[in-house]
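As structure tokens, here come the structures.
Next, two complexes with chain A in common: one pairs it with chain B, the other with chain C.
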Partner chain A sequence: MKVRVLVFGQLKDIIESDELWLEGLAHSDDVLPLLQAQFPGIKNLQFKIALNKKMIQQGVSLHEDDVIALLPAFSGG
Partner chain B sequence: MDYKRYSRHISLKEFGKRGQEALLKAKVLVVGAGGLGCPALQYLAAAGIGCIGIVDDDVVDMSNLQRQILYGAEDVGLAKVEVAAKKIKQINPEVQVDVYRLRLNNQNALSVIQKYDLVLDGSDNFETRYMVNDACVILNKVMVFGSVLRFEGQVAVFNKMDETSGIKTNYRDLFAEPNQQSNFLSCEENGVLGVLPGIIGTMQAAEVIKIISGVGKPLINKILHFNLLNNGFYEFELSPDLQNFKKYPTDEQAFLNFNYTTHCDHPKKVSDSI
Partner chain C sequence: MTKEKRKHKVFMEGAISPTFIAESIAKHSSKTNIGAHAIFLGQVREDLINADKVCAIEYSAYQEMAEEALHEIREAAFAQHNLECMHIYHSLGEVKVGEICLFVFVSSKHREASFKVCEELVEKIKKDVPIWGKEILQDASHQWKINQ
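Let's turn to the complex of A and B:
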């Protein structure tokens, strides 16, 4: 299963891209461990994961070509 | 009503005299007279919001002038709330302006916020943001959220129920708890393009005007992300976080007893408003 991941804000500094593709994911609960293994620096950042533009509150199954988005918290004003 | 001043609003068939009357009766509190607060205050005053409260404890600094467009070089060292109040009175003398030269805390926030119909959050730190969010939940006030970093910004309408679904979300549903590391990422250290808070603060003012007048579809249960560099807009749909809602103050007494400073625990005090 291949899903597209969109990256926003300060997460782009760590992932060094605004987009990536992840393979071998079946469930949304697998997204964070996989990302943290690839990019250990994201452990220090607060962000929320969305699936197809909906913020995830509990685990859901993933499907081919789903779009995940990672939104970090900003405090500046 | 000053028909000439508001003639372009009144000409809008969806808005009209009814929309303008709603604005003239409204009371809006703007938290933070910085990068977001300045454009928001200008447009809210120009639009004829009946009463505008301004909260900020800071003075104008030279480094503010790149983006905080209510202030000029001659204002450096003066209280932001005083300068901002004077400038928006010049724009529209009909607007009642309440000035609060203070930093909101859990002891004063409820008494200030309860005087207003709606809150526009233009603060520059997580401590104030979480506290204002919780206060708005307790007092059942709609909050228009905005925040910026570098070239990107976020806008949302919190604590307003969607009439169709009956769902109402707030900042805690998005980020339940503050993350201490994130506080390192202040605009003071990371920078912000001056025009960005101008765009985001103006979008917040637009959401306030839409909510009060009942025109259009505000960002209810949604957060909009804007990337200035590629003109990218991305909208996220929010839903209630049912696992965490009991961890933070949900009544007045709990709010008064809650320590927001240790809850957000700034590793480094950010004194400069963005």
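Let's turn to the complex of A and C:
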């Protein structure tokens, strides 16, 4: 399973990219451990996860080409 | 009168100019059902961070999700209140200190609805819409804005 991951806010400083692709994920609960292993700096940051532009409150199955977004606290205005 | 419910362009590159705001107000003179406008303008503040001044904020957004969130916020406001018109504009990219980055413009027959909705919209935009501000300091370092 290949999913697209969009990176926003201060997470971009740590991940040093706007976007990455993750392979081998079947469930949204797998996203965080995989990212934390790759980018240990994100462990210190709180952020929410959206799947296909909707916030996820609980774990869901992932599908090919799903779009996951990593969203730190919003600070518009 | 048909109320405005279609999707609107929200994001503008750079600062929102006072001329654009003035022209937006002027365009409403033909909407004679309106008796009250409430306007909120967000301006970039020269905060002091560790003895260094903020000189600009660089805004970014998850634009597709933000536009959907704002559309839902608009629809809910129109459904719940007696409004005639509503416009929301937010900057993307760099906005310098003293410039306008958010323009919320709500119009109704009477003042109560426009005052109330204008405030609610600003709070929802700050809390529920995926937009981020990066404060650029004078020494070219940055820190990510935290909404109060």
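To be clear about the criterion, the second predicted complex is superposed on the first by the 73 of 77 C-alpha atoms of A that agree within 3 Å, B and C clash if a C-alpha of one lies under 4 Å from a C-alpha of the other, contacts with A are read in each partner's own complex, and residues count from 1 in each chain.
Assume a contact is a pair of C-beta atoms (placed from the backbone, for glycine too) under 8 Å apart; a residue touches a chain by one contact, two chains touch by 3 or more.
Everything quoted here is computed from the prediction, not taken from an experiment.
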Which of chain B and chain C A:Gln57 touches, first, second, both or neither: first
Partner chain in contact with A:Gly76 - chain B first, chain C second, else both or neither: both
Residue contacts on chain A - larger count, chain B or chain C: B
Common interface residues of chain A - those touching chain B in one complex and chain C in the other: 6, 8-10, 50, 53, 69, 71-77
For the chain A and chain C complex, residues of the former touching the latter: 6, 8-10, 13, 50, 53, 69, 71-77
Complex contact set, residues of chain A against chain B: 6, 8-10, 44-46, 48, 50, 53-55, 57, 69, 71-77
Sites on chain B touched by chain A in the complex: 32, 34-37, 121-126, 129, 146-150, 152-154, 173-175, 178-179, 181-183, 185-187, 190, 192, 197, 223, 225, 227, 234-243, 273-274
Contacting residues of chain C [partner chain A, same complex]: 42, 59-62, 64-65, 68, 90, 101-102, 122, 125-133, 144-147
